[in-house]
Structures are given as C-alpha cells and as structure tokens.
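Note that the chains take the letters A, B and C in the order they are written out, and that residue 1 is the start of every chain.
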Amino acid sequence: MVTIQNLHKKFNKNVVLSGVNLDINAGGIFAVLGPNGSGKTTLIKSILGMVIPNEGNINVLGNNIKNNSNYRSQIDYLPQIANFPSNLKVKELIKMIKDLRGNHTKESDLIKLFKLDPFLDKKLGNLSGGTKQKVNIVLTFMFDSPLIILDEPTTGLDPISLIRLKELIQKEKDKGKTILITSHIMSFVEEVSDEIVFLLEGKIYFKGSISDLKIKTNQPDFEHAIASILTNNHA
Amino acid sequence: MRINTTYCLLSLLLLFTRFAYSGTIEVCNDCPITSLKEAIAFAKPTDTVLVKKGTYKEHSILINKPLSIIGENYPVIDGERKGEIITITSNNVTVDGLFIINVGTSYTEDYAAIRIKKSKHFTIKNNVLEKLFFGIYLEKSNYGKVIHNKIIGEAIEEYNSGNGIQLWYSNHIDIEHNYVEHVRDGIYLEFSDNCTIKNNVSTLNLRYGLHFMFSNDDVYQNNTFEKNGAGVAVMFSKKIKMLDNTFKENWGTASYGLLLKEINDAEISRNTFEENTIGINIEGSNRIIYKNNNFINNGWAVKVRGACYTNSFLENNFLYNSFDISYNSKVNDNIFDKNFWSNYTGYDLDKNGIGDVPYRPVKLFSYIVNRTPETIILLRSLFIDLIDFSEKVSPVFTPDNLLDNNPSTKKITW
Amino acid sequence: MLKILKYSFFDLMRSRWSYVYFAFYLLLGIVLLFLNNDLSKAVITLMNVIIVLVPLIGTIFGVMYYYNSKEFTELLLAQPLKRSSIFLGQYLGVALSLSMSLILGLGIPFMFYGLFKSTAIWDFSLLLITGSFLTFIFTALAFNIALSNENKIKGFGYAILLWLFLAIIYDGMFLMSLILFEDYPLDTLSLVGTMLNPIDLSRTLILLKLDISALLGYTGAIFKQFFGTNFGLIVSLSTLTLWVILPVLRIIYKSKRKDF
C-alpha cells in the first residue's frame, strides 16, 4: 500500500527524518507513535506530498508521489488542526470539497452520526473546536478511499463522538481499508490499532504488534512499554 | 487745419480722376492680352486689370503704377520656381484674388510671392499662396492692409525656408484674417511699429507663429497660434499689447506659447495658454502686466529666467499645469495677486472668496528639474510630493517672498 | 485552478475587508466628483491614490490572506490538486476581488457622473487599468513574501518594507543618483530606472496622459521617442505585464518546493 525507502528530511539544520524505511501493507490499522518532535507529522505529510523529502522515495499504491498529485484521490486525510475559511458555511465547505474531489460521497450518514444537522447553515468561524473537529471528520470519511490518514483524530471530541469515531474506524477497517493514525492517547491507540510504528530521533525504532512490543520491552502493559522505550533511550 | 483741407481736396481729386479715366483691362488665355506683364505695361494708372480663370506662367511681374489687379475665380500665377513673382513699387496698389504658386528659392535673395517695396496704401487681399519661399514681403512700406490671405508653405528646414508674412521697416499695417501654415515664421515683424494683427491663424510653422523684433507699439488680438515650433516670440520691443489670443499645443524642447525677451511695458490680457510645454517664457522683461489670462495644462505655465522686474500677475487662472511658476534665482521683484491656482490646498474660513493661507507657486521640484532636466520623470511621485511639502513649510531653495497672498478660491471670470 | 479561484474569490467577496475597500473607493469617487465637480482635478487626485494606496493595500491584503488561509491551504494540499493550481487560484482570487472593488468602487460614481459622455474616459480607464495592474503585481509580491516567511510578523514587516521601498525610498535614491550624475547623459538611465519599479512605471503611464506637455520639453532622443509616440505606452504596458508574470512564476517555483 505504502512503501517508504530511505526517507531523509531536515528543516534548515534540524534533522527530522534520517533514513526511514517503511512498508505498510494493505488492510489494517497502523499507529505512528513517538515522542514530540520525533517526526510523526513530517512522515505523514511526506506521504501526502505536503512535505518534500530531501532524499528517498515514497510509493503510494504503486505510484511514485514525486511531482504527482493524482494519487491523493486515493487518500482521505484528517489534518491535526481543523481551521477552515471562516466565511464559509458548513454546507458550503462540504459542497466545495466534494466539488474539488468529485467522488461519490456518503456525507449525509456521517452528518447524522455526529449530529451536525443544526450546524449546516452556520459559518465555520462561529463553531466550537469540537464541532469543527466533527466537520473535519465528516470531510475525511465522506470519501471512500483505500487509504485513510488520521492526524490526532481525537482532539476536542466528547466521549460519545469518540465512541462513534472508533466505530467508524473499525467499520472502515472491516471494508479492508488501510488506516494510518497518530495519537497521543495511548488507550485509544491500544484499542484500535493492529500494528504500531514507533519513531525515535528520525528513525523507525520499532515496527510490529502491541504484544510484540510488550515482549520486547518486558513490560506488562502498553503505556509502560512505551515509557520504557523513552526512558531507556534517554538514560 | 490747412494741411488737412489740402489733403481732403487732394483725395477728392484723386477719386475724381479715377472715376473719370480708369478703365478695365481683361487678361485671359484667348483675350488680346494673355499675360499680366502685358496688361500692366498697357494699363494706365488707376486702371483695373481683371485676370480671368486660367494658368499664367509668369514671374518677375513689376507693378510700378497704381493699379488694381483682380483675379476672377482664382487664376493661377505660376512662377515655375524661377524667382520672385509680383513686385510692387507704386503706391495705391491692390492685389486681390490671385492664386500664386511656385516661388523660386535662393540662398542669396529672399524671393517672395508678393513684395511691396517703399510703397503706401496698398491692399493685398483674398490671395492664396502655395509652394512659396517668402509669402508677402513688406519692405519699408506703410499704411497698408494684408487681409484674408491663405498662405500654405511646405517648409521642412529653417535655413532654406522663408516667412509667411514679413514686415521690414513697415509701419501702420493691418494684418487681419489671414491663415498661415508650414512656413518658417508665420508672421514676422522687424523694425515695424504701430501695426495691428487681428484674427489670424498661424499654425504648424517651423519656428514661430508670430515673431517681433525691434518693433514697438503694436497690437495683436484674437489670433490663434497652434502647434508651431514655438507660439509667439516677442524680442527687443516695447509697448506691445497682446490681447485675447490663443496659444495652443506648442510642444517640444525649448518650446513655448509665448517668449518674451527684453520686452518692456507690455500688456498681456485675456489670452489662453493651453497645453504648451512652456506657457510664457520670460527673460529680461520689465513692467509687464499679466491680467486675466488662462493657463491650462501647460508643462510650465510661466518660466522666469532672471532679470525680470516689477511684473505683475493679476487675476489669472492657473489650471492643472505641471508647474505653475519656475524661477531660477532666489530674488523676486514680481507681484502675484488674486490669481486662481488649481493646486491651491488652503481654506477660506471667512468665505470672502480669498484663501486664508498664501499660495506658494514655485515648487522645489521645479528648481531640481531646472538643474537636472531628466528628473522630470519623477514628476508626481510620492517622494517629490514629500520634498515639495517640506519646502513649502520652510523655503530654502525658492524665493521666500514669492507668494500670492490673496489666492482666489474660485475660478476667475471676466 | 479555476475551482480554487472561484472559492477564494467568493470567500473574499463575502469578507468584511472587501466591503471596506469597496466602500472606501466608492466614497472617494463620490467625494471627488460630486463635492468637487471638477473631472480633471478628480483624475489627478485619483492618480495619487492609485499609485500610493493600491500597492499598499495589495501587499497587506495579499500577506494577510495567505497567513489567514494557511490551514485551509493545508486542507487543500491533501486533496488531489496540483500545488500550482492551489496557489495560483488563491492569488488570482485575491487579486481579482481587489481589482473588482477598485473598478466598481470608482467606476460606479464616475458612471453616474456621466463619464461615458466625457472626454476623460480614456484617462479614467487608463487609471483603472494601471490600478488593476498594480493590484496584480503587489498581490503577487505579497504572496512571494508570505511563501518565503513562515513567521507572520516577519512577513508583514517585509511587506510594509517592500511598499515603503518601492513607493518612496526608491524614488529618493533615484533622484539622488540623477543629481549626482547630472554631468552624464541620463535619459537612458532615467527610463531604465523607471522600468525597474512598477509604481514608477504606472506613474509614467499616467504622466503620458496628464503631463505630456511638460515631458515633451526635453532633448534626449530616447526621451523624445519614448514620450512622443505610442512607443512609451507599449513599452510601459508590456513591462507591467512582465512585472506580473515574474512574481507569479516565482510563486509557482516556490510553492513546488515548500513544506507545509
């Protein structure tokens, strides 16, 4: 599904990714983890073509992404900060994104699921953070693409919406889609992901299932396993 | 009294003899007389020579007796570029209605279509002159009229072209309703006093529309000078009246609507100076009154180049000129009062039609442009506006007493 | 690109700032025409406004729009859209809506005043054309600055500096160098100096209409050719076009290499 070879990226003199090699197979949920500044977002943005690598190749669904934009029609992306043009209404934004991508969509179910109906005619500038995030989620999931990338999807969500989101992710997985998630909420990660990719200092430190991680670090639970990686490496 | 009576009697006598004896001689291609020269030789004084329509290839025609030469339907007198065409040496000659073409060109002699030499009381009217060197040349001749002639030259360079109407030592001449184009100077006066120049149009001439040298007490009024090398040049002359004329689109390097050089005691009123590179260019001219003139869209409305004293500019309209007044010295002895300046930005709190803040018509930028002409390209830029403003607040380079203390807030009418 | 342009344009058309900008020009037009009642004077004042204010507003607005729509841009970047179309679309959206405000804001009062019957229509159209050119140029320059500076404050700072430089400082230096080298033939230098600054260039275009009598007063064959014929108009207009194209090309170049 996604193949990354020898990916290097630095911002000015600050090296963020140094030689990342990663194969993500089709189907399943992958969590990209790592401490702050380890390059999670940079990795995801590289896959999306928003960050341009200094070195290395990225293939998405068999297409080299360099100087290519069409492959992104196979990706649904949920950005970290949901800030939209404040003059637009929710309805107009949805219509506009549909217009730009031009696929068959299923936004009406999603709007019902997140109870967004009363907000459709409001301007985006007047929405709360949580509601914006819901809109964001709708915009992401309304397309039916084989690859879904979620950057901190839980931000600002109330418990009910969180449960809805988890169900939604599960449903997409069951359809055989590949889902890439970054999150700081370990319980969320543990609950939904099949496999984790742990980034440390610009390299992949660990790739495998959660149980493999527990065995490797000799820790009984996931949170402690992560913590032990961090303490061991900084000690 | 006695002289006057004699004069009247003489005139009566003259009239009488004319009625008694004057005959008409016809000239045409199949008449007994087929040329002007023959007709003049045959004619007696005060006769009329009637020239019928046709073409007459003649030059060096000498009119040495008081005759009236009258053309019917514009007969063509073709000089074939062999020299001067008509020369008048007698008093009381009239030339009316001829179409004179192909005057000879020479570097040593000023050939003219019609020359009047040392004669009085002549009338040159309704003639059309084309392909000429000089047009109508008045030489030491007085009390004549040049009326309603059309002079169309084809001058390209100054050194080998002549003037449309030229006066040399000729006084008391009326020049009216003539149209002159494409010659060197449209109308040229040298040592000629008490002449009246009215209702003429002088346009597209190489040098000046009208040119005065050493001529005094002349009046020119209601004329139009358009698109000449320069409009009107008045040099070394006194007491000239310039009234109701239009000076328009005289464009180019050192071009102007009106040039005054060494002129004293003149009056310049009710003229319109529009779209000239320089409206009036003044050098060494004193005691001149400029009143009720319109200066519209000129590059420089008035350019003062030093040695000009006690001139007054009263109640003129200065409208949208790039520069209103330009000075090249710090001394000022001229008066500006009650003019309307479109660039005036002051206020009139007591509503008396006079601005409460004096207007300063000389800008710092005009001083800079005088020094480095190419800086003109920065005209109207924000930086220039800023330095002009600072100069306005505290004059350093421009004469600080050069002010209009009573700027009008309304356009002046008369 | 056209879709992005459409959305940016309608987004801006609904923003408060477009109304303010439009209202400002409308008011200016009305005050100049109906309180002053003098078309020639109005055209001169308008020229001053256009060569000073239009670049300023274009720069500030361009930078502001870029920074404000950053997140939205990121949303667009994740869509199957070419980068160049995203940025060109946004740029054209801003430039077009600003030009619209200018043309309508000034055009409406002049239309009511009976401009179509007046001889000033050419001068006036030239003003609007130059104003639109300046809007396109300075919005493009603003996008360049914003694309090169992640820091908002720095971006605004550079934008103001750019305006200050081109509107005032440049002319000051230009004047100094002309006076300094006054002993040499300067007409080529002065014309080239004008070409290098879009504000000066627009000013020259307007001078060709307003102050032609003064401009024709100078010798230099190049000056004469430039001002005396249509040559000046053609050269100025094509250089202005170049001034739009070059920054736009840099927007494309820069946007292809930028990380978000």
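Here, a contact is a pair of C-beta atoms (placed from the backbone, for glycine too) under 8 Å apart; a residue touches a chain by one contact, two chains touch by 3 or more.
Here the structure is a predicted model, which is why all the values come from computation and not from measurement.
Chain-to-chain contact here is organised linearly: an open path runs through the chains from one end to the other.
Once CA atoms are averaged chain by chain and compared with the all-protein CA average, the nearest chain turns out to be C. Averaging Cα coordinates per chain places subunit A and subunit C 42 Å apart.
Here the spacing of subunit B and subunit C, counted between their Cα centres, is 47 Å. Rounded to whole angstrom, the centroid-to-centroid distance between subunit A and subunit B, based on C-alpha atoms, equals 89 Å.
Not a single residue position of subunit B touches two or more of the other chains. Contact residues on subunit A toward subunit C in their complex (touch as defined above): 9, 11, 45, 48-52, 69-73, 75, 77, 79, 81-85, 87-88, 96-97, 99-101, 139.
Partner subunit C is touched in their complex by these residues of subunit B: 249, 251-255, 275-278, 297-300, 319-320, 322-323, 342, 368, 371-386. Within the complex, the subunit C residues that touch subunit A are 3-4, 7, 11, 14-15, 69-72, 74-83, 257-260. Against subunit B, in their complex, subunit C makes its touches with residues 40-41, 44, 47-48, 51-52, 167-169, 171-172, 174-175, 178-179, 182, 186-187, 189-191, 193-194, 199-200, 203-204, 206-207, 210-220, 223-224.
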